[in-house]
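We just call them A, B, C and D in the order they show up, numbering each chain from 1.
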Amino acid sequence: MALLLEHIVVRYRGSAAAGGDLDAVREVSMGLAAGEIGVLVGPSGCGKTSLLRAVAGLEPLAGGRIRLAGETVSDPAAGLHRPAEQRRVGMVFQDYALFPHLDVAANVAFGLHALGRAERAKRVQEMLSLVGLPEVAGKMPHQLSGGQQQRVALARALAPAPRLLLLDEAFSALDVELRERLAHEVRAILKASGTAALVVTHDQMEAFALADRLGVMQAGRLEQWDRPYDLYHRPATRFVADFIGHGVLAPARIVGTPQGPRVDTPLGLLADADECPLPEAYPGGECLVLLRADDIEHDDAAPVRARILRRDFRGAEFLYTLALADGLEVLAHVPSHHDHAPGEWIGIRPRVEHVVTFPR
Amino acid sequence: QDKVLNLYSARHYQTDEALYKDFTAATGITINRVDADDAGILERLRTEGTASPADVILLVDAARLWRAEEAGLFRPLKSPVLDKAIPARLRGVDKGEGPAWFGFSTRARVIVYNKASVQRADVDTYAELADPKNKGKVCTRSGAHPYNLSLFGAVLEHLGPPATEAWLKGVVDNMARPPKGGDTDQIKAVASGECQVALSNSYYVARMMRSSNPADRDVMDKVGVVFPDQAGKGTHVNIAGGAVARNAPHPEAARRFLEYLASPSAQAYFANGNNEYAVVDGVGADNPALKALGPFKAEVIPVATIGANSAKVQQMLDRVGYK
Amino acid sequence: MRLLLALVCVLLLLPLVALVSRWAALDAEGLALWQHLASTVLPGYLGQSLLLSAAVALGVALVGGSTAAVVTLFEFPGRRWLSWALLLPMAMPAYVLAYAWTDTLQYSGPLQTALRAAFGWKGALWPDIRSLGGAVPLFVLCLYPYAYLLVRAALAERCVPLMEAARLLGAGWWRRVTQVALPMARPALAAGVALALMETLADYGVGAYFGLSTFTTGIFRAWLSMGDRDAAAQLATVLLALVALLVWMEQRAQARLRFAAARQGALHGGDARPLALGWRGSAVAWAVCLVPVLLGFVLPVLALLRLATTEGDADAPGPDLSRFAGWALNSFVLAAAAACLAVGLAMALAAARRRQPGGALDALARGVGLGYAVPGAVIVIGLLWPLGAWQARWPEWPLAGWLTAGIGGLLYAYLVRFSAVAMQSVDAGYARLPASFDESARLLGHGPWATWRRVHWPLLRGAAGTAGLLVFVDVMKELPATLVLRPFNHDTLAVVANQLARDERLGEAAWPSLAIVAVGLLPVLLLGRGRGATGC
Amino acid sequence: MALLLEHIVVRYRGSAAAGGDLDAVREVSMGLAAGEIGVLVGPSGCGKTSLLRAVAGLEPLAGGRIRLAGETVSDPAAGLHRPAEQRRVGMVFQDYALFPHLDVAANVAFGLHALGRAERAKRVQEMLSLVGLPEVAGKMPHQLSGGQQQRVALARALAPAPRLLLLDEAFSALDVELRERLAHEVRAILKASGTAALVVTHDQMEAFALADRLGVMQAGRLEQWDRPYDLYHRPATRFVADFIGHGVLAPARIVGTPQGPRVDTPLGLLADADECPLPEAYPGGECLVLLRADDIEHDDAAPVRARILRRDFRGAEFLYTLALADGLEVLAHVPSHHDHAPGEWIGIRPRVEHVVTFPR
């Protein structure tokens, strides 16, 4: 394991006036193999940054243990805390933290003090090219745009080839195109060098694209730590189901049919779903079922009809917020050539591949 | 034969340089010198203890000389030369090994007054400074200054505590303004009319009288100088003196230096260079200012008593509000 | 390293501890003395000291803060020149300023005499400057540069985005200055005012000359007149406790802010664009800045020159240049050495505390910071006591002899007293570095030393320069410790000036006083030239 | 017009070493009606922030003119520059710029000094509730997470009810859910009060959802300023076509058919496309056609086959990068239950609603 967290706790001491102590990270455990990229998502203030800082060695642990490449680096029980500068961990901060007194090249070269002058210059150029800024080497940080600063910070963190890379919303100030390109290239670099990375992002697309392992945090806890596909299709908790993608949890009942158990939803029986639980799983079969926006198809011929409450243009498609006759709201992705106005009634049909249910 | 002499001096007179130069020229002994205020010098000496490099200590206040002697910082010196040159009342008490210190010059605490507004007869005793007739006329430097403390200590010796405190109270009541500044400032204040009567050391008066600066002479034209208490116990006199340090590494050089200070040439310097009164009889008569001030009757009082009184005096000052 | 620093701190605290330890010597006689003091003069001492320090603090905050704000936040013709000139009064020792102004303004001085002569007026034309009311502006004039320097540095590095955010929220320049820029500079202002306050409390020269009954005067009376060193030490510890209380209160009030500044990206490399002023604004700016320079430097220097040239005794030897060079060199070497040591110590302490806040080192450093409030002569007592005890205990190791044989003892005393000055300036500088800089450096493999060398030092050079300058001029002006602890034949300008002044030869004392000012100006010039007004 | 820009130019003076002067914004013209929300997107460093700063009055113009609600506020030719504090423009900065010496409530109240104490407190609570942080009023900014700080900055900018609101990546540190909710509410507030807003974002979904007018900037120029739907479906320049959404520009030829002109692409004739230009529009009909990822359907029965180069999981769907037999790369969105491995050949079919062509 390149990185192993065991029940780590990060606590901020606070005055009673400010609400007392706060456990920003609670008993989080997870592992990352060499070359793997882990991604953390979660609502604002859920403790992502705090977790990264603990891994970097910038916050002391209040409990648990952190192991980097087999070596224990934080273990408050044993009084162990390897200082940040000895962990060989690279980090890009949410606020970049470029050194204002150094130009871009010197910022990037900062971690390369072991290298010779020529080699260092070469590496700096290499990194700056990687982040698409080969020409700004001589500028000062304050002369750069937000996105450019972020990229310089990334180049600086990558330059010394750390054994673990921590990225805290490192692409947030970049446009989609650049962000995808960078994510790809960083991914390639990490894979080639077998470097593990732990990435925080708010962009779920990016999370899915980048992650070997994806985690969802909430209020300091890691709710699920899984492969992206599984996390999307088999969310472990209601929170994860709700947080990932667009969807609603609709009341449903599991019924036995000759073909096996089926889920009876306000949109009708889910026919071709895998992995349907048995009716006995819930009292009376009553449960909640996850209906994602892309599980619902627009089909004028469908028996179930819904009224359009809101329509959000999203480029390739519209996101419709729909109300069934009984008032239940559902979401649906509809290609953008189906252009219906709010207020209209349209036919919809569920098309759920993976049934995800929770107790009511 | 010692070739150096280490000197701790509280004499703050730049003109003393000449004195030291002459000594070196005469004896070949070079002088290493630190000068500071009396209290600091003694503090340093006390701390250095046996390791002190000091040979000779020069102080400018009798009370301090006495206190240092009490603290055992001095080494008594038997010197026929000094015994002969310096009157006994200006030496430490010989407890068998010789006096612990020797006075080399004196200065009188005189009263200056504004000739235009004050009658000399109204200010010719210290006691009159507290007399209601001089209300609003008196100015002095801080009561806590050693020159004043020494004077008040002597008054205490003469009058006893209650009368002294009453006298101090009277002086405070007569003040034209709160105590501040130095003696020269008081003289100038008298001349300018800010106040009418003040205390000053004699050598400041003499210096201004001899000054080539017309402004100074102008000042002196306006003020009169009295040696107080000529009809009584005499004018208060303070002593500047010296001693051999307890752990002097060069005692022989120290002795020679002290003896040199009592020599006519050194004494003449005190009188002419710094306008002090020489302790050796007959020296300094050629200082025109001192000559003009004329001879006077000095009070005779054991230095030890003044020294012992200063703490008591300070408390009285606190009580009567003499700043 | 931490241990070494802690050791140094303990060493520097020794004199203060020695002072406090004198409470152990409190006996019946001492108690009686305390009763005497409490029933007579102590309330007066306290009252005058509090009044004086409150007024000086207010004045220093006003003058220092406003001048710093004017030269950093606004652009007007002559701004760079003024921002340099405002440092000049710093080179002027308070007692020299006191002589100069007293001589000019006093009843018997040239001005009043001439006016009386010309118009036939009688009596005092204005209240005596030698009073509490006169001391306040005097202290303000020579101490405001502390606040000015620290605030200027803080404002020059002010956070541009914050000022912009305030503009967009509709705040005009007055609100921006008072509600964003100055509060952000508050740690610096507080540090400057604290320094001025401590210096005021520790002052003896002006207090004695003006006949003030401050706490420090009281300490000296107890020591000199009553010969009671214990009482003096005890009084000094009361002063210490008072200052400690003040410092603690201010730190508590600032705790939140300091932390905030340390976490936020407050330092912005961007160029802070000062607001251009029209001619009317420029005139006001000139007035605000010129008045302290005139009153605190130009006029006093002229007065000194007048004194030196007209008041001198003709038969006294005039200024002897070769001797002046020697005195100046002594002064300079001492001041420079002390400045280097103090800045080095302050930087090391600040770095160590930043890396690991809280703990013993913090407490020790705070204690060392109090040394500045103790009058130099009292520090000397506090320093000589333990030395004397050592001397008595181990005569074969004559520590005191060694210390006074060279400049070691002097430097020690300077550090005890002036470390606080360097620490305030350096700490104020550190408070402006966001923690994420350190964190980035650490994550890039830099240990404490490398981080310091490559991040802290380049960003704190300005603060270190300021610290050095402050210590330098303070040592140039320092008197009591220098007087007592210096080695043989090692006179400094301040010592010589003092000798002449004590001999009431103010005319001649004017020359070395002017020389102090001149030598003190050297680093001011260097600092002013090396960096522009907004540079730092 | 609430905001009118006419040929504005923003120039940064630079030393020769740092590359000399730089025109960060070049001759940009645009308008926003009262209550309208304009959104700017564009690659990192294209001048978005500079444009916003110029509108706010924080950067002087080097040319052009800015009018706010009819009043000219910047006009270098006339020597006019209304100071920022008089423009009544609210702005949320890329780096939040909260006052570190004020607590959250005081930060939000900063722009409300004209109000009475009680009213002010009320407004502050209102704004904090709006951004979902009613309980942090007493905290200091450094005690908040990145996203919380961003929300406080938003509340602060909204509180004085500015006549124009500028948001510079104001939602970048928020999770999707919160971001959508906030965007909606801000939108509602702006609409209700008739306040215009100019928003910079990197999230195209957000741009589409928020914008009444959408602009794409590149290298200081505003390439297009249009309604979102039009911008997506009728990009004015190759750059816009490329930048918005996922797509490629494939070589094509316009041919006349009995049913009218049609576009002949490597994927075959685009059958049911509207708005096809005439063949005469390009020499020899040779042109580039925009093929977006959602214009290409996976259909095993389709005649055109492509090899999967890369597959990116995006939650609801996969983004496939495909290579045709002739090497041309295209992108395709495929629902995530069609799970094919890289290297496989699959059938694809174009389904383009709006034909977008450019000269080769």
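Here, a contact is a pair of C-beta atoms (placed from the backbone, for glycine too) under 8 Å apart; a residue touches a chain by one contact, two chains touch by 3 or more.
Which protein is which chain? UniProt says A, D = ABC transporter ATP-binding protein; C = Iron ABC transporter permease.
Keep in mind that this is a model prediction, so the values were computed, not measured.
Novice: Quick check: more C-beta contact pairs at C-D or at B-C?
Specialist: Taking the two pairs in turn, the one with more contacts turns out to be B-C.
Novice: Where the CA atoms of subunit A average out and where those of subunit D average out, how many Å apart are those spots?
Specialist: 22
Novice: Could you work out how far the Cα centre of subunit C sits from that of subunit D, in whole Å?
Specialist: 56
Novice: Indicate the whole-number Å distance between the mean C-alpha point of subunit B and the mean C-alpha point of subunit C.
Specialist: Taking the average C-alpha coordinate of subunit B and of subunit C, the gap between them is 35 Å.
Novice: List the centre-to-centre spacing of subunit B and subunit D in whole Å, with centres computed as mean CA coordinates.
Specialist: 90
Novice: If you look at subunit C, which of its residues touch at least two other chains?
Specialist: Touching at least two other chains: 265.
Novice: Hunt down the residues of subunit D that sit against at least two other chains at once, touch-wise.
Specialist: Counting only residues that touch two or more other chains, subunit D contributes 95, 140.
Novice: Where does subunit B touch two or more other chains at once, residue-wise?
Specialist: Residues of subunit B touching two or more partner chains: there are none.
Novice: Applying that definition of touch, give me each pair of chains that meets it.
Specialist: A-C, A-D, B-C, C-D
Novice: For subunit D, which residues count as touching subunit C in their complex?
Specialist: 56-58, 83-91, 93, 95, 97-102, 110-111, 113, 140-142, 156-157, 160
Novice: Mind listing the subunit C positions that touch subunit A in their complex?
Specialist: Where subunit C meets subunit A, its residues are 265, 267-271, 434, 436-437, 439-447, 450-451, 454-455, 458-459.
Novice: Report the residues of subunit B in contact with subunit C in the complex, numbered from low to high.
Specialist: 6, 12-15, 32-37, 39-41, 43-44, 46-53, 67, 142, 144, 146, 149, 177-185, 188-189, 191-194, 204, 207, 210-213, 215-216, 310-311, 313-315, 317-319, 323
Novice: Can you check the complex and tell me which residues of subunit A touch subunit D?
Specialist: Residues in contact with subunit D: 12, 14, 17-19, 41-45, 49, 94-95, 135, 138-140, 143-148, 150-151, 169, 172-179, 202-205, 208-209, 228-229, 232-233, 242-245, 292-294, 312-317, 319, 333, 335-337, 353.
Novice: Under the stated contact criterion, what part of subunit C meets subunit B in this complex?
Specialist: Residues of subunit C touching subunit B: 36-37, 40-41, 102, 106-108, 112-113, 124, 128, 130-131, 208-211, 213, 217, 220-221, 223-228, 310-316, 377, 380-381, 384-385, 387-388, 391-392, 395, 398, 400-401, 404-405, 480, 483-490, 495-496, 498-500, 502-508.
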